[in-house]
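What follows is chain A paired twice: with chain B in the first complex and chain C in the second.
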Partner chain A sequence: MLSEQKFREELQKFVEQMSQNKWNWQLKENGKYARETHLETLSSGKIVSADIHILYNSTYQVPTLWFNFFENNGAPIPFEEVVRDILKIPESEESDSSLRQRISHYEHPILGVLYYNIHPCNTEKIMKELKTDSYLISWLSVYGQQLGLRLPDSLKVH
Partner chain B sequence: MDYEVSRKVWDSQIPVQFTLQAGGPLGDPLPYYTMLPRFTYLALTLPKVLSSFNRRENGETILAEKVHLEVNGAPVKMYIPVGVIYDQLNQKNLESEGILEIHVRTSQPAPLDFQMVSVDSMRAMFCQTVKEADYLKTKAEVTSSLMKEDMPQLWQSVVNNNFDEYWGMIQKLMDPKDGKDFLHVPLRVYVKNQPFKQALITVKHPDGSLRTIGDAVSEILQLSTSSEASTPTSESSATSSSEASSPDDRRLISHGIDVPRHTPLIFAAKNLSYPDNFVHIVIAEAR
Partner chain C sequence: MATFVSFKTYLDTPFWREVNKRKLHEWKLDETPKPIFSQLSLCERNSDHCRLSLSHDSFKPSNGNPNEVSISGNLILYNTRESFKAAATTKSLEELMKTEATKIWDVITTKTWLQTPHLLSSFTIIAFADLKKFHYIYKTFIPSLKYPKNPEQEIPSLSTDESSLLTYYKRTLAPVFLFSKSSQEPLEIAHLESQVNPDDVLIVVADPSPNPSSAGRLVKNVVAAVAYLHSSWDHCNVISLRSSGSIEIKYSWPANADAVAQNVVPQCSGWEQHYSADLSKQFDPKIMMEEAVNLNLSLIKWRLNPDLKLERYSTLKVLILGAGTIGCNLARGIMAWGVRHISFVDNSFVSYSNPVRQSLSKFEDARKGRGKAETAVDALKEIFPSVQAFGYQLTVPMPGHTIDEKDEEQLEKDVRQLEDLIKNHDVVFLALDSREARWLPTVMASIHRKIAISVAIGFDTYVIIRHGIGLRKDSLSEDVNSEAVPYSQLSCYFCSDVTAPGNSTSDRTLDQQCTVSRSGLSMIASGFAVELLASILQHPDPLAAPASLDDNITLLGAVPHQIRGFLHRFQQIHPSVKRFEKCVACGDLIADRFQKNGWKFVRDVMNSPKHLEEVTGLDELQESVEAIDIDFDDDESVVSV
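After this line comes the complex of A and B, so read on.
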């Protein structure tokens, strides 16, 4: 578990470290969450924009990844397409631990619209098994990877 | 849990009118009128509405992916309980007396702030909400001990409007066998034009007395204003005026009734929750 205050401190530090490495994360709403956007080219050649947020979840008291993908006219990309073409989760993966089962739409607590989130219900359990200096960085090295988010080498957890 | 209260809450319905602006040589079809249980979702109702509109001879078939829904000219959230949508609007401006008017529009492209929600996606959101509620109540002790088929069964009771099935399930979630108190109460508070607010609220005050629903709502609103205050943005200062009204002026609306402020929070949690296991309170200005 991580207190909200600690989360904000670590988030601010994280964003600073990322910008030193020229990675484009920004603090939003005076430090309530961090945001990163980039363009992704899919194997079909289509270009989509990815919008990724790190928020504090006050129920589970852990960080949570929220994300969405958009067409260039701003329309959100339908779930099936996100799963198949962007996250590339194989259809055969139907087990409960599959990422497919742990992602769904939910109301973004700050924007008030539907975004995808990776369910935070197992985060605490997973984090208990990791020992490290920064909760946020080790959390992101587990959860960010599932979205194809990378960390600069200097921040990698060994 | 109180069977009579739960049954009344389950049975309460609202009148809804769906209109379709189809254009074309046939003109618009007649509106579709229905009574909807307060606990249901537009995501579940829309397929029935469209199949009624599509029954017209020679009419063009209207697909769910091609429509968007509006109430009072604004996009509507298909994933919050219909009763909450109704309570949010009922304060002043239901278009005609007491009927929720939903406009089904086919104009393309759909406005970007509307989000179509499929039945599958609705089910996933519902299950995540029930799990979150149980995490608040019992640190997920109940949901993790539930059988694999239990959660789909709770959802099916909502889909099929089957109270008996619901009652069997909901008691497991609301009256856990070990008889322990809830740690926190799943409560969402709706202030006009803002995302819902929730916080970690315990059943009792530190001195052991029961927290009331009035206390809980005030605390949630206070927490959200204080965190806005530390983050002064033009948006938050513009939208927080409705929270500034003094606590006694606020009306707490759920299931269409003014919930007395002195209602114990634990009573509300067990008996006034929607099937997603959250109490949904809409804040209205005093009359």
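After this line comes the complex of A and C, so read on.
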């Protein structure tokens, strides 16, 4: 578990570290959350912008990943495309896939627009199994992977 | 030929939400340009364009970020589609382009850019936002000057180390600066004026271009400014600075070939194509709810079983006979499963005892004495505006409720209407408050092969029965040795009766007529009935789902024939019972007689329920009960699963 203050400290450290590694993460709302956005090509060839946020969840006291994918005109891409092209979960996959179980669609707590998030109920357990120097980098190496967010090689967690 | 990567605007839903908010509360009818800001990422690789991205925070300047370059622009939001169209005619677009080009040319000719290089780039978005339908149209303009004409480009390898340039950029966030080859140091762009030889300096431009062999359009105006400042130069060396993978480009042009008069603004380009967006799903409350309901179901599907057939709920038409406590709860349950078409039949009115028990009526409905069906329909629509709900104030004809000759015309109509309703729906719930009211719908549902589910409650007991599909005679050849009783062979609500339904309310005192039950009972029974339907519909062939407690039989598990519960012991059983040949409701002879005589048969039954017993031969059976020892072989007629 992570206190909110600790989360903010870690977030700041994380953003700096990512920035040095040419990853465009930014602190938003005075360090309340961090945002990264980049373009992503779907299987149809369509290019969409990915919007990924790290927010603090005060119930579970862990970071949570919020994300959505938009066409250039601002419309979010359909859920099926998120599943197929971003999360890359095959139709036939067993239903106990951990991501399948934990993905939800809620109003973003700050933006008020529907975003996806990965439910944090399992985060603490997973984090306990990881030896970490940087909490957020370890955490993102698990959760970001599912969104195709590869960490810079120099920051890979072993 | 030198190439420059053009821009493409990427907006997101939070951007439009912010536009909605500001338009409604702040700008209102004000059409003057509003300042907006975009952060262009210097890390982009995966695109054919430079990305001009805008989000909810684009309405205030950013603090700056070492992996981005900020540019500022204007949003012109027109009040009507017509004024947008007028602004988007070729002539208007050219005018706007000229105005913006002139601004940049002024920045160049007055040398202002040497102090404020940010001014070399700008953008304008013209847009219209229909805040009723949440439709948006917009077009972006990012001016780039065609000056000097026809430059050439060469890409040598980088003549300096990009990391020192990035360090300088991180510190100053200067979008354009110099790198002196002699001192090997970055310098402010203002030092360009005193340079004599173009090969002594590198002009460094923070560039969002993702292309490894071409700079972005931002660089074009910088080259224009350099060529204008040093009219004797015929080339310059530019570093297109990116977070990684910066490139060096040598631009050259015929010297003095473009000795333009100072007061002639060069040609300009930079309009993106029109884009439009329909964000009703994101912003229209009614559609948002629809989407949220659907998405919630998709998540169930996605988590539970990808093969779950949600369309079997969303396309289903359900008829609920009886808009009382059970009918209301059934409607709420199926609505949450995605059923969109729900019809109620009820002939009574909301009374003061109803609202606390019925989930679709309120005090006011009782005070006004509104019809139950109508009240339930309105409440459903209030809860979920996208539901298609219909109410019918109709009296279901009942055996034993004798009818006068003068009412026969009405009876004929009622019978026809009820039959049409049953024909036009896929599922019939029998949630009427008396036994005999369930008779005619049972007959009709069986004839028209509908899923019919009877739900009934006592004081602390409940029963849910799904009636056999279709006529008994049509399915006798099916395998009857199987453990699971085929759907077509399941008994109806009346099958176990050896007397015909009569007027159960005629000889009763008031307290017996009134259904009194434990108050949680209706929710329990309705809940089970809803889930029984939900499971049946997930059988590969719902109309052939046998009675079975095998939890692999459908994607949602078992599909029992009956669910009988006893609240005083919190106990529940799931018997399967086969159809009774001589049944007074689903028996073949009854179906036959109804199909032949229609409403007249119904009239005869209303006037004398005994008629049913005569038709089915039940009377003979009753007479023989005394004489013959009937062998009720449990294994044959009742299969306990």
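The rule we apply is simple: the second predicted complex is superposed on the first by the 155 of 158 C-alpha atoms of A that agree within 3 Å, B and C clash if a C-alpha of one lies under 4 Å from a C-alpha of the other, contacts with A are read in each partner's own complex, and residues count from 1 in each chain.
We adopt the following convention: a residue touches a chain if its C-beta (ideal position, glycine included) is under 8 Å from a C-beta of that chain, and two chains touch if they have at least 3 such contacts.
Worth saying up front: this structure is predicted, and the values here are computed from it rather than measured.
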Exercise for the section: Identify whether chain B and chain C fit side by side or clash on chain A in the overlaid structures. Expected result: clash
Practice task
Would you sort A:Thr132 into first (chain B), second (chain C), both or neither based on which partner it touches?
Solution key: neither
Completion exercise
chain A contact check, chain B vs chain C, more residues touched by chain C
Practice task
Based on the superposed arrangement, let me know which partner A:Gln145 touches: chain B (first), chain C (second), both, or neither?
Solution key: neither
Exercise for the section: Using the superposition on chain A described above, determine whether A:Leu111 touches chain B (first), chain C (second), both, or neither. Expected result: both
Exercise for the section: Report for A:Lys22: first if it touches chain B alone, second if chain C alone, otherwise both or neither. Expected result: second
Practice task
Report for A:Ser3: first if it touches chain B alone, second if chain C alone, otherwise both or neither.
Solution key: neither
Exercise for the section: For A:Gln12, select first, second, both or neither according to whether it touches chain B, chain C, the two together, or no partner. Expected result: neither
Exercise for the section: Please work out whether A:Pro76 is in contact with chain B alone, chain C alone, both, or neither, and reply first, second, both or neither. Expected result: both
Problem - Single chain C stretch clashing with chain B - from 204-212, 222-230, 240-248 or 294-302 - result: 294-302
Handout entry: Intersection of the chain A residues that touch chain B with those that touch chain C
Key = 73-76, 79, 104-105, 108, 111-114
Fill in the blank from the handout: Listed in rising order, chain A residues that touch chain C in their complex are 19, 22-24, 26, 28, 37-41, 47, 49, 51, 68, 70-76, 79, 83, 91-93, 95, 100-101, 103-105, 108, 111-114
Exercise for the section: Could you please specify the touching residues of chain A with respect to chain B in the complex? Expected result: 29-32, 58-60, 73-76, 79, 104-114, 119, 121
Practice task
Provide the residue numbers of chain C that touch chain A in the complex, in ascending order.
Solution key: 8-17, 41-44, 46-48, 51, 53, 55-57, 65-68, 136, 138, 243-244, 275-279, 281-282, 292, 295, 298-299, 302-306
Problem - Touch list for chain B against partner chain A, complex - result: 77, 79, 109-110, 112-113, 115, 117-118, 121, 124-125, 128, 131-132, 135-136, 140, 194-196, 198-200, 227, 230-233
